[in-house]
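Both complexes shown next keep chain A, but they swap its partner, so chain B is in the first and chain C is in the second.
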Partner chain A sequence: MKAFAKKQKTGLTLKKSGWNQRQRLLFWLIAAVLFLMAVCIGGMFLDEAAKTTDFSRKNIAPCLAYPFGTDWLGRNMFARTIRGLSISIVIGISAAAVSAVLAFILGVVSATMGKAADTMVTWFIDLVMGIPHMLLLILVCVACGRGLKGVILGVALTHWTSLARLIRGEVLQLKEQQYIKMARKLGKSNLYIAMKHMAPHLFPQFVVGLILLFPHAILHESGITFLGFGLSNEQPAIGIILSEAMKYMITGKWWLALFPGLMLVLTVVCFYAIGENLRKLVDPASAHK
Partner chain B sequence: MKTAKFITKQMIKMFLLLLAVSIVAFALMTASPVDPLQANVGQTALGSMSPEQIQKLEEYWGVGQPPVQRYMAWLKDFIRGDMGVSLLYRQDVTKVIAVKLANSLFLMIIAWVMSGLLGFILGALAGMNRGKLIDKVVRGYCLLISSTPAFWIAMLFLIIFGVWLKILPIGLSVPIGVEASGVTFLDRVYHAILPAFTLSITGISNIAMHTREKMIDICESDYMLFAKARGESTWEIFKNHGFRNVLAPAMTLQFASISEIFGGSVLVEQVFSYPGLGQAAVSAGLGSDMPLLMAITMISALLVFGGNLIANLLYGVIDPRIRRGGAVR
Partner chain C sequence: MILEAKNISFRYGENGREILKDFSLKADSSERVGLAAPSGFGKTTLCKILSGYEKPDRGQVLLDGKPLEQYGSYCPVQLIWQHPEQAVNPRLRMKSVLEEGDQVDPALVERLGIEKDWLNRFPVEISGGEMQRFCIARAMGKRTRFLLADEISTMLDLITQSQIWHFLIEETRRRQMGMIVVSHSPELLERICTRVIDLQKTQS
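Let's look at the complex of A and B:
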């Protein structure tokens, strides 16, 4: 009885909004994508505004004209935050993309190329996981002499492990499936099986895994730039903005740290939302709940 | 017998991995284009020095020797327990590390235990009450925390407790201006509260989400349904059927999360200027202090591998099904 009442209640709320689960997922997905695109495009246009200094308006607390306040050089924190976020998003996406390609290749190699390759790849995964991410990032950044290249390479090199494991497991499982074995017995070529039977199964998982790499990539990117290994001060990535805010925090200028950080959190949440919603949409088991 | 074999096998694997870690770290550091002389002495100072002085400095920072030779020398010393001299602190690395590691371990152990316990409890609660308010709160919290950078939370706490409320110190592990012998244990605890708290609450999300998933799986099992049908109370169900089943994966995850806690501590220590291993790693990286960075890498890798080993061993203790089988993964 209770369960029935509950069902009716949810049915009512569904009717009220007029949307089913799938449409709501789609709505949030599009909203998150739009937000991220707005930040990226806004960042392109706000480049100048982020750099202009104006000493007549320094250290203003947040108000209507400057929603995020201004810093000690009179720079508009809103413009700086958006610009910084757009830089961070671009770095995060490129690093995650490199990482995902690496993960895909190694995962497939490990699952299909026999035992020796499998041992090698799993050993490498263990190796990379053995050094704490942050430390490996520092090492790679030192190796590349700091700067953009080091950050992208570092994040790419540290993040492929979990996705590679996932893909390896998935391919190993697929190989044992009845329909794959049957296709093989019917004399289909390896390429045919890979394209017709494996790719449709793997691709959605790969895309979702790729998108769920972004949040980690961005968080680590902001962390490493915060520590001072990443970009120079002329490229105000979000980590740089926050580490500069650190110096002025003790004097009570809370807005320098609060708003850029909040925007960063919002961005990461958006990436999570895109990844999770996409997974629910493409996964046949939960698509029609 | 089997356990002994399992342990030796794991030990050999761990040793090989450690060796590989040292090679990778060494190679990365050798590849660095940053000239240690330029970074630490400075262009202007170099310009005013005589060639002999520069040569001496180059010898000190190890410029010009072939990398393989340097690596072998380093490895030989390391095995004998001599980690070299830290170039930045001008002290034996062993001494520097001993102090920093003690500070860091103090912080990390508190955070590790706290986050493990809290995460487990929250995850189990959320899993048992799937779909209810507490589940939603825990899930929302985990999503929020896992998308928030640890150093930003640290900064917020610093503003709130250190700058506004002024009830907790702004940084360092001991009071300023007090002799080392005058520092009491309470002082250290007092200074570690904020960093430890920050690390704890950021470490929760992973373990809580994982425990929740497992708990939901367990709750949907037949033996749970049967337990409910027999009329066991929620607490009894959890105690008799849920706890042990969910403990094993949670333990593994928590021991595997040492790497994450270490990564978090690097950032958090930097914000609170807490003189631990993480902060030393950052300054060593920025100042190309190779011996120190190598030693920190090795120690942290040792911690991570050690954690994994313990997890594998504990798994057998908790789960009777694989006690005999030995290996888990």
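Let's look at the complex of A and C:
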């Protein structure tokens, strides 16, 4: 009875472990980064294993030797999933990076180069946002030729809009701050003001925006590959794995879709966790929690 | 040096109320001119115009007969803002705030009562009064010829107020720096200034 009461009491206190909120955030951040790195590095080594077919071991349900089972050609699904995810992550990173750079340049141009430039860029943002994402993505992909380049360009060209808007707003707001006007009257150059006053405000926003672009990029990449407009069939991309698995689902081979799907969700969640935790960590208002 | 506002008119936006109408003012380096008026009579607006933050719709601001904007990138007329917490970048240490001024004399910093260990702190980690001292020091760089003080002591306790005003009077006298002081308090203006202008009377 006494032990039970004691247990309840500790359950009620907010800090169960000795860690504060900041340390917990950091822990999850590092865990997510490690998971993604493991997937990436694993994918590099499993390239061969993902492609080898072996008819002596086809359609095996998940077991110890093949944790994710094997498919109708006897390919190791675990190797295929990891390899597919690592391709997705690489695509996600490059697409998000291109997209973020584009967003940064257009956002800054829009906010600093006068009214005409601003109208142009905002109009362009509205234009891209107005077209359904998937449609534009398919168009760009097909126009650039399918495959890795098309997918990366397609995702990059459709995802910069929201970040560009954010940066434009931030720069516009900063320009009106008293300390920036003051710096101008103290004879500081535009470059000095941009580096010393604006960069410390823009950088965290930019990095978090960049990281939160990854999951979108990955999901769209697998979506477009699933629909058949993305990567070619030989590559074990997650979208390909899922669309092939569709055909075998009705014959009871549930593991072909379940595990790759789960891993995709896990990867996306990891990226979100990194972005969100990083946002909380760099926010000075929560510095002492 | 003489700071002169010549027939200045100003309104915010296109259809705003005309806040300043044909306003003229002449101040000498040896003077400390007080500006008094109730809220909404354009005291802060006048300060912004005199220090080049806003352009008047009509009229000119001259320093020794030369338009203010011709003085190069460093403006010799410096404004100390009413709210120090808005006038410093929350992401820069106080050290960098001081460095932004024009070769601010270390002796001046010391006389303002700025302590060494404040320099490494961020603006959120010091009080408003301490921050205002930094803002004053920053505005009193080498090339500053005129100082505009827009309600700079309203948020300070009486002892700090008196310290800061004593310092400013002494320093501006020593460096032959003109000063224009804005305040709601007629007693304060009377005590500090050599001459007080009532905007309410000249404007209506």
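By definition in this document, the second predicted complex is superposed on the first by the 273 of 289 C-alpha atoms of A that agree within 3 Å, B and C clash if a C-alpha of one lies under 4 Å from a C-alpha of the other, contacts with A are read in each partner's own complex, and residues count from 1 in each chain.
Going forward, a residue touches a chain if its C-beta (ideal position, glycine included) is under 8 Å from a C-beta of that chain, and two chains touch if they have at least 3 such contacts.
This is a predicted model, so every value here is computed, not measured.
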{"item": "Simultaneous placement of chain C and chain B on chain A, clash or fit", "value": "fit"}
{"item": "Greater chain A contact set [chain C / chain B]", "value": "B"}
{"item": "Contacts of A:130 with chain B and chain C, given as first, second, both or neither", "value": "first"}
{"item": "Partner chain(s) touched by A:140 [first = chain B, second = chain C, both, neither]", "value": "first"}
{"item": "Touched partner set for A:215, first chain B, second chain C, both or neither", "value": "first"}
{"item": "Vertex chain A; arms to chain B and chain C (CA centroids, nearest 10 degrees)", "value": "100"}
{"item": "Touching partner for A:179 - first (chain B), second (chain C), both, neither", "value": "second"}
{"item": "Partner chain(s) touched by A:187 [first = chain B, second = chain C, both, neither]", "value": "second"}
{"item": "Partner chain(s) touched by A:223 [first = chain B, second = chain C, both, neither]", "value": "first"}
{"item": "Least Cα gap, in Å, left between chain B and chain C after the two complexes are fitted on chain A", "value": "16"}
{"item": "Residues of chain A contacting chain B in one complex and chain C in the other", "value": "none"}
{"item": "List of chain A residues in touch with chain B within their complex", "value": "123, 126-127, 129-135, 138-146, 215, 219, 222-223, 226-229, 242, 245-246, 249-250, 252, 254, 257-258, 261, 264-265, 268-269, 271-272"}
{"item": "Chain A - residues contacting chain C, complex", "value": "177-183, 185-189, 196-197, 200-201, 284"}
{"item": "Interfacial residue positions of chain C with respect to chain A in the complex", "value": "51-53, 72-75, 78-79, 81, 83, 86-92, 96, 100-102, 122, 124, 138, 141"}
{"item": "Complex contact set, residues of chain B against chain A", "value": "13, 17-18, 20-21, 24-25, 27-29, 31-34, 143-144, 146-152, 155-156, 158-159, 162-164, 170, 259-260, 262-264, 266-267, 270-271, 278, 281-282, 285-286, 288, 293, 296-297, 300-301, 304-305"}
